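In the part that follows, the structures are each spelled out as C-alpha cells.
In the two complexes below, chain A is the common chain; its partner is chain B in one and chain C in the other.
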Partner chain A sequence: MSEKEFLAKALESKGLEPGDLVEVVSSDGRMLQGILMPHHEFSGGDIVTIKLGSGYNVGMRLRDPDAIRLIMKAETGKPLKAKIMTSSKAGGRSALPKISIVSTGGTIASYVDYRTGAVKPAITADELARSVPELADICTPKSEVLYSILSENMRPKNWSELAERIADHLNSGSMGCIVPHGTDTMGYTGAALAFSLSNLTGPVVLVGSQRSSDRPSSDSTLNLLSAARVCLDADLGEAVVLMHSGPDDEVCTIHRGTRVRKCHSSRRDAFETINGAPLGSVEGGRILLSADHEKRSNGKVLSDPRFDDNVAMLNFYPGLTAAKLRKYSDGASGLVIAGTGLGHVHQELIAEIARLTADDIPVCVTTQCIGGSVNLNVYSTGRDMLKAGAIQLGDMLSETAFVKLSWVLGHTDDIGKCREMMLLDMRREMGLRRPL
Partner chain B sequence: MADDYYISLGLMVGIEIHQQLSTGKLFCSCPCELSEKVTKRFERALRPSVSEMGEIDRAALEEAQKKLRFTYEATEFDCLVEADEEPPHSASSKAIRTTLLLSKMVCATPVDEIEFMRKIVIDGSNTSGFQRTALVSMMGKLDMPWKCIGIDTICLEEDAARRIAEDGQSVVFRIDRLGIPLIEIATAPDMRTPEEAREVAERIGTLLRATRMVRRGIGSIREDLNISISGGARVEIKGVQELDLIPEYVDNEVARQNALIAVRDELAARGITDVPGQKVDLTGRMKNSGSKIIQKAVGSGGAVLAVGLPGFAGLMRPDSEGVKRLGREMAFHARVAGVGGLFHSDELPDYGITDEEVDMIRSVLGTGENDGFILVADSMDKATAALERAVARARQAVRGVPEETRDPLPDGTSAYSRPLPGRARMYPETDVPPITVTAQMMREVEGMIPELPENIVARLRKEHSLSKEQSEALVKSGFDKLFDEMLSMGLSSKIVARTLINTMPELEKEGLDVGVLGKDVLADVLRRVDRGDFSKEGVPKLLARMIEERESPEEALAELNLTGASDIQVEAAIDRIIEEKRDFILERGDRAMAPLMGLAMKELRGKADGKLINEVMSRKINEILREK
Partner chain C sequence: MSEKEFLAKALESKGLEPGDLVEVVSSDGRMLQGILMPHHEFSGGDIVTIKLGSGYNVGMRLRDPDAIRLIMKAETGKPLKAKIMTSSKAGGRSALPKISIVSTGGTIASYVDYRTGAVKPAITADELARSVPELADICTPKSEVLYSILSENMRPKNWSELAERIADHLNSGSMGCIVPHGTDTMGYTGAALAFSLSNLTGPVVLVGSQRSSDRPSSDSTLNLLSAARVCLDADLGEAVVLMHSGPDDEVCTIHRGTRVRKCHSSRRDAFETINGAPLGSVEGGRILLSADHEKRSNGKVLSDPRFDDNVAMLNFYPGLTAAKLRKYSDGASGLVIAGTGLGHVHQELIAEIARLTADDIPVCVTTQCIGGSVNLNVYSTGRDMLKAGAIQLGDMLSETAFVKLSWVLGHTDDIGKCREMMLLDMRREMGLRRPL
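What follows is the complex of A and B.
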C-alpha cells in the first residue's frame, strides 16, 4: 500500500473529511489541533495538512492511523458564500444599457475556495459581473456562464457554440458582448469569432486576466470595466481582445482578434498586436480608436461558425524529416506550416508539400518569426515550395492562419476555393503594409 | 525600578523579532539589496477581493478604492516577481535551511511539511496584495542564564516594500525590500521586567547573527513588543529598531497602562458609566477667538466643534508623576481623522483661548466643574470625524485600557496607530509547492550549527589577546568571522580589530551598508594602511566614500586625496604651524602641544599617522623651547 493510499484509508476509516476539527499527534508526541485541509497535489504522500488556530497551515506526517482523531465534525452545509451588497437592485438601474457577459472560464473567472485552498474555475458569470460592482453603475450586465474551462481546453466546437451564443445576445439588444476567457488561447478564439461573426451590431470583447480575480492585485477589474466601456461607447463592430497595455493599472489596449498574440507568459501586458498598430486603447474610461476599424452594423448579427476540426499546424525545425511530416499530417484535412524566416522548410519536405497538395490537402505557410511577412519568391527553396503548391499567407499570424484554415475548410472541400479564400483578406487578418 | 515593582504589577512581555536574511530573496533570484537608483515606475490599484471580505459594502469599497492607488519604484535589483508580473518561484532553500537552523538552535520542532500562506495586506506594501508567510517550527526555548524563555513559533515570511513617500491620494513604495526573507521569532509572554525583554531580544539577535545568514544595517532587524499588566490590556508596540530603547518602551507602556487603570477607577468612583458624545457647533461663537488654530480653521470655512465629557475633569492632563493621560490618548485618535490635534479642558485657558471662552463653552455644553470637554477646529468633515474618534477613545477610558497597536516614537514613548488586528485571514499560497522537511535536510542543518557566541568570545580572547569588551563587540556585531578571516590573510590584529569594532559599526550607524564592502576589498584597504600608503585615521572616511560612491579603494583614495603625506610633507606642514605660532609656544611652553596638535591633525588627518605627527610636533616644540 502506498503512503497516499494508507493516508486516505486512515482518514476514511475514521470518517475524517476536510473541514473537520482534528487532533494530530506527531512522532515525537506533540499534539496539534486544527482543521483538516485537503491534500495538496505536491504534498508528501504521508502528510496531513491542518490549519492551526493562528491561520497557518502546517503539514504533519501521519505514520500511525491512531495518531489522528476527530474533535468535531465540520459544520455541514455550504461553505460561507460571499455576499455583495450593490445598489443595482434599485429601480432606476434597469434603464442602463444592456451588456452581455458570456463567460468561458479561465483565470479571470477563477477563484480560490478559501476553505480548501483549491483554485476553482468560474463562479457564475453573474457573480463575476458583481465582483466588479462598478459594472452595475454603467450598464445592466446580462450574464451567462457558457463554460468553466481553462482556455487550453478549448476546441473548435467551443468556438462555434460561443459564436452562436454571442450572436443571440447581440440580436436581443445588447450593446456589446464581453467574453471572459483564459488568456492562453484567447488569441485563437479572437480570430475564430472574427471569422464566424459578421454584421456585428457591437463589439465582441474577449477579456482575460493574468492575475486571478481573487487577488487584490488582479488586473481583471480594469480589464472588465474597460471592456464594458468599449461595449457601451465604441462605434466598433469587431471581435477584439482587451488587456492591460503595461504594468500599470491605467491603460488597456484593444487588439484586433485576428492580429493578436500572447507574447509573455505572465505579464499583465502580455498581449500584442503583431505587424501593425493596435486597434485602440481605453484610459480612464476614454476610448481612442484607430481610423481603420469596422463600425457597428444595424444588424442582424450573422453567425456562421462551421469549423473543420481536423486541421494540423506545426513549426518547422532543423531536422524535421519528410517521414515525420508525413506521419504528423496523416489524416489531416489541411496543414499550416510555420516556416523559418521568410517561410522556408528543408528542401526534403517540398516533395511532401506537393504530395499533400496533390491529395487536395491545402498546405499554408506562415513564418515562425515574431513579426514580418512570408515571402517565398526570394530564395529558391521558397520558389520550389510555391511550385509544390504551398499557399503563402503574407503576414498572417500562424494561429490566425490555423483558425482561418479550419473555418474555410468548414465551408469548402475544394482546394482551389480554399486557396482563394485563404488569400482573401476577410477580417483584416492580412496587411499589405508594415509601417517602418 | 526594582524587579519586584514590575512583578507586583503582573507585567508580561512577549517579543516578536523580525530579522532579514541575506540568502537572496525568498521567491525569486534577486539579491537582498536596497538601492537608491530607481529604474522604473508603475502604478497599481489594489482592491479587497470579494471572497475574503465576506461582504463588500458598495460605499465602503468606493471609499477604500480612493486610497488604494499606489506608485511602485523598481530598482536594478528587482525582477518581475516583485512587480507581481510573474508567479513566485519555489521558496529559497537557503532561507528555509537558515530558518531550520535557527529552529534547531532554540530547540524548536519543525513541522513535517512547510506550507506557505497568503496573509491579505492591502495597504500597498505588497504588490500582490498579500504577504507570503509559513510556519516553520514551534515550541522552542531560549536558555537565559536565569530562566528559560518559551519560543512559540518561528515563521519565514517575505518582507514588504519600503514606503518612500505619501501625498494624500497616492503612496509611493520601492520594491527592492519586497521579498527579502524575514525570520519571525515569537516568544511566549515570559518576560517580567523591561530589562529582561531587552536581554532576550539581544540574545535572539546574537543567535541570528551567529547563523551568518542575516542582513545587517538599519532596519534589518525589527522587534514587536507585546506588553500587558494585570488589569491592563495587551498592547503591541510594532517595529522597534533600537535594542537599547526596549526597556524604555516597556517602562513607559507600564506607566501608561497604570495611569489609565487609575483613570478608569476614578471614573468609576465618580459614577461615570458612559460618554453621551453630543457635539455642539461653536463656529459662530468662537469666530473671533485669539487662538491661531481656531482662526485658521474658521478663516478657511471650517468649523469649531466641541463635546462635553461629564466627570472627566482633571483626568486628561498628565498625572502627578507626569505620565500623560487621556488628553494625549484622545489627541492621537483624533489625528487619525487628519486633524493636527485637539484642545481639552484640563489645558484651558491657554493657546489663545480665554477664560471667558471656556466659560462660554461650558455653559453651551451645560457642563460643570467636574466635567471636561474637548474642542476641535478644522474642516467640518475632519473635525466631526476627529471628535467622534476622540469620544470613542473617551468611552474606552471608562472600561480601562484598550487593546491596540502602537508605533514606537524616538523618545521611548509610543503613539496609537490602529486597533489590534483580528486573527489574520490566511489562505494557501497555491503558486508555491509545499516543502517536506526531510531527515536528510535536518542532518545537513545539524552540520551547520555555528559556534555559540559565548564560545567565540572566549576563543577570541585567548587566541588574539583581545579584551572581553572587544571580543564581545566583535561577536555582537557579527564581525568575528570576518576578524578571523582577515587575520588569516596576514593583517595585523590591531588595525583589523579597530576597523571592525569601531569603524564599521559607526558607518552602519550613519546608515551606510557596510555589506557592500567585500572581505577582500576591506583587506586591501587595511593592507594599504599596514604598508603605510595612508594613515589609519583615514580609514573611516575612505570606507564611507567607497560605500556611498561604490568606488574602489584606488578611486576613493585619489578622490579624497588621502594618499600619504611623506615624512617631508609632514615636517613641512608642522614647520609652517610652528612658525605661525612661535609666540604662542614661547608663551605656553609644553602646554602648547595639545592645541597645535589639533591644528596639525586638521591638516593632516588621514594623510599621515597620528603618532608620527605627534612625534614631529613634540620634537619641534622642544627645539624652540630649548632655543629660548
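What follows is the complex of A and C.
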C-alpha cells in the first residue's frame, strides 16, 4: 500500500473529511488541533495538512491512524469536499456561466512542499480551482494550465502563446478569462495582452498573489474571486491586472494593463496604476468602473501577438558611457532608454542615439521617475536628444514602452512607421493631459 | 555705448530701481505693468525683466528710454537692491554665521534666456545668492561655483571633487554646506556624498528646484531658505536632500542621502524617502528631525571619495538574454542588477551571475519595485541566484547600491571584502527590519 493510499484509508476509516476539526499527535509527541485541509497531491503521500486557529497551515506526517481523531464534524451542512469540485465534476452546475482560467504559474498557482519548506509552482489548473472552492458556486470554470513557470521566466514568445489561448477561450463562449500569473512580470504581460488582443468580448484579468495560499495573510482567494466577479458582471473589454487595493483583505483594484506597475516587492497592495486613476475596483462583489473603460465588443476576439524579442531596455545612470551603450545596443532591433527626470541622458550618449537612429534602430525615451511625463523640449539636453532622433513617449511607463516597442517592431521594420505607431495612443498607454 | 550700458543709463535717468512698479510699452505696442526685476546678466544687454501680477516674469527689449515709466516706487523702505547684496559686499553683516554654497548647476542655478526662451545654467554662485536675497538676512553665504552643469552630466569623478570641496568648506568654519544641484541625479549624488564624507561637523544639504526661479510656481526660494535653516539650526551631521514636501509652497522634507529617489519627473514634491520615514522637515523655519539622525561631530570632516567609475547597472526585463547580459557586463568592474519582485531574473541569467562572480566581478541584486526588500531566499530562482554568488542588498535602493558599489570598488578589488562591505550598513542605506 502506498503512502497516499495509507493516508486515504486512515482518514476514511475514521470518517474524516476535509473541513472537520481534528486533533493530531505528531511523531515527536506534539498535539495540534485544527481543520483538516484537502489533501494536496504535492505535499507527500503521508502528510496531513491542518489549518490552525492562527490561520497557518501545518503539514504533519501521519504513520499511525490513531494519531488523528475527530473533534467535530465540518460545521456547515455542505462539506468542503463538495464545494471544491470543479463544475466539470459537479453535475447540475453547468447552467452557471462559463469563465476560462488560463494559468501561467506564479505564487497564486504555487504551493508549499511541507517536506522541503519550498514554495513550488502547481502543475494543474484544477488544483488552482480547488484552492478557491467558492469559484464553483458562481461560475463554471474552464481551466487550462498553459505554463507552470515563475513569471521572471516569461519571454515575449510566452506572451504570444498566451494571447492566442485567451482569444480561443473567449471565442468559445467564456464570459471572461482569468490569467493566474506570477506578480514579478505581470505588468509587462498586462501590456503585452493589451496590445495583442482587440475586439475583446469580455475582460482578460491577470491575477496574482503576493502571499501563497497556505499563509493566513494570503491574498489569492479575494483576488481570484474578485477576478471572477469582473469576468461575470463587468461590461469590460480590456486586459487588466487585478490585485489588492490596500493592506486589508477587502477591496481589489482593477488596473489597466498598460498602466500598471509592481511598486513593492512584498506588499499585497504592491500594484499601482501610474499617472492616472485605476480603471476600477471590486468590493464585496460590487464592481465600480471608471467612465472611460472599453466595453465588451460583439463578434470575434482578434489576436495579433507578433513580438520582436530583440528589443533592449536600459535605465540611464551617472557614469554610463557611450562605449557601454554601444556595446549594449549592439544587435538590438530597438532600444528603450529610461532617462532621468524629464528623460535626460548624459550629453555623451546623444551621438549614440543619432547613430542608432541613422541605422534604423528606434530609440524610445521614457523616465525612470515612474510618475510624470517625459518632456525633451525644456532643456538643451532634451532638445539635442530629439534632434538626434529620440522618440519621446510622454507619460508611458517604461515597461509598457518596452512591450509596445517589441510589439510594434513585430509588425514593421520601418523606423518612420515605428515612430508613428509608438506615438499613437493605442491602448490608453499615453495620457491626454500632456500632448507631445 | 553697449546695449547693457544703454539700459543701465536709461533706468538711471528715470530713477528706476529693482522693486519699483513700472509700465513698459513693447516694440509691438503691448503695454505691461509689473515689478522691475534685478538685471540678469545673461538675459541680453537690452532686456528688462518685469514680474507681472500673475507672478510670471517677462523679458522685454528696451530700445527707447521713454518706453518705460515709473508707476510707484518700491513699497518697502528697504529697496530690493540692498537686499540682494551678498554679505561679502554688505558691510556689517559679517557677524552672521557662515554657510557655504557649493553650486553644481541645475534648474535651481538656472535662468531663462528671454531671447531664446531656453532655460540655461547660471555661471556664478553670486547670482544664485542674489536670486534669494533673504539668504543674506540670516547668514553670511560663502559661495563657490564648482560646476555649472545639468545633473544628467554628473560623473563619479564629479562626486569626488564635490566631496573634497565640501570637506574644505566645512573645515574652514562653515556651519553647513548647501549644494545646489540638478534634480535628475541628485539622489545619486546624495548617496555619493554620504559614503564619501564622515565625521561631518554640519549638514550637507543638496537642494534643487523643479521649476526655475522665473516661474511663479518656483520651489527654489523655499528650498534654499529651508536648506539654510537646516545648516544654521539643525544638529545634523549627514548628507541630505531637501525638497518640497507637497504641492504647497510651505513645507520641505529632509531626506537621507542614501534613501531618496526622484519619483516624479515634474512635481515639486518629486522626491521621496524610500522604505522608511524621512529624516525630518522644515516648516515656517522650524525644523523637525527624526530621533535616529547623526549629530554634528567635532574635529575635522574626513573625505574619502574614491569611486570606481566602471560599475554597470541594469534593470532586468522579460527577454533579457544571457548573451545580452554578457555583452553588457563585459569589462565592468561590478554589476548591480535590479531584478523583478523579490530580486529575480530569468533562470538563463543565473549562469552569467556565477561566471561574473568566478571572475571576481561582484553582482549585487536589488529590486526594481522601488519599495520593499530583496529576498532571494523565498523562491527557487532566488536561491539559485544566491548559490551563483549574487549579493542581495535587502531594502537598499538600486541607485544607492550602484553608488555604494562604485565607492566600495574604489577601495578594494577583493570580491570577499567587497561583499562584506556591501552587506555592512554604513550610512543607514539598509533597513533593520529585514536582516539578511
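Convention: the second predicted complex is superposed on the first by the 337 of 436 C-alpha atoms of A that agree within 3 Å, B and C clash if a C-alpha of one lies under 4 Å from a C-alpha of the other, contacts with A are read in each partner's own complex, and residues count from 1 in each chain.
Criterion: a contact is a pair of C-beta atoms (placed from the backbone, for glycine too) under 8 Å apart; a residue touches a chain by one contact, two chains touch by 3 or more.
Since the structure is predicted, the reported quantities are computational estimates derived from the model, not experimental observations.
In the superposition on chain A, A:328 makes contact with chain C only, while chain B stays out of contact range. In the superposed three-chain model, the partner touching more residues of chain A is C, compared with the other of chain B and chain C. By the document's definition of touching, of the two partners only chain B reaches A:49; chain C does not. Judged by the touch definition given at the top, the superposed model places A:266 against both chain B and chain C. Contacts of A:374 after superposition: chain C is touched, whereas chain B is not reached.
Looking at the shared chain after the overlay, A:221 reaches chain B, while chain C stays out of its contact range.
The interface of chain A with chain B overlaps its interface with chain C at residues 118-119, 265-267. Within the complex formed with chain A, the residues of chain B that make contact are 42-58, 61, 69, 80, 83-87, 109, 111-115, 117, 119-120, 122, 127-130, 133-135, 138-139, 153, 155, 423-428, 430, 433-434, 436. Listing the residues of chain C that touch chain A in their complex gives 118-120, 150-156, 159, 182-185, 188, 262-267, 270, 309-320, 324, 327-328, 330-332, 338-347, 367, 369-375, 378-381, 399, 402, 406.
The residues of chain A lying in touch with chain B in their complex are 26, 28, 30, 37, 40, 42-44, 47, 49, 52-61, 80, 82-87, 111-112, 114, 117-119, 131, 133, 210-211, 213-218, 221-222, 246-250, 265-268.
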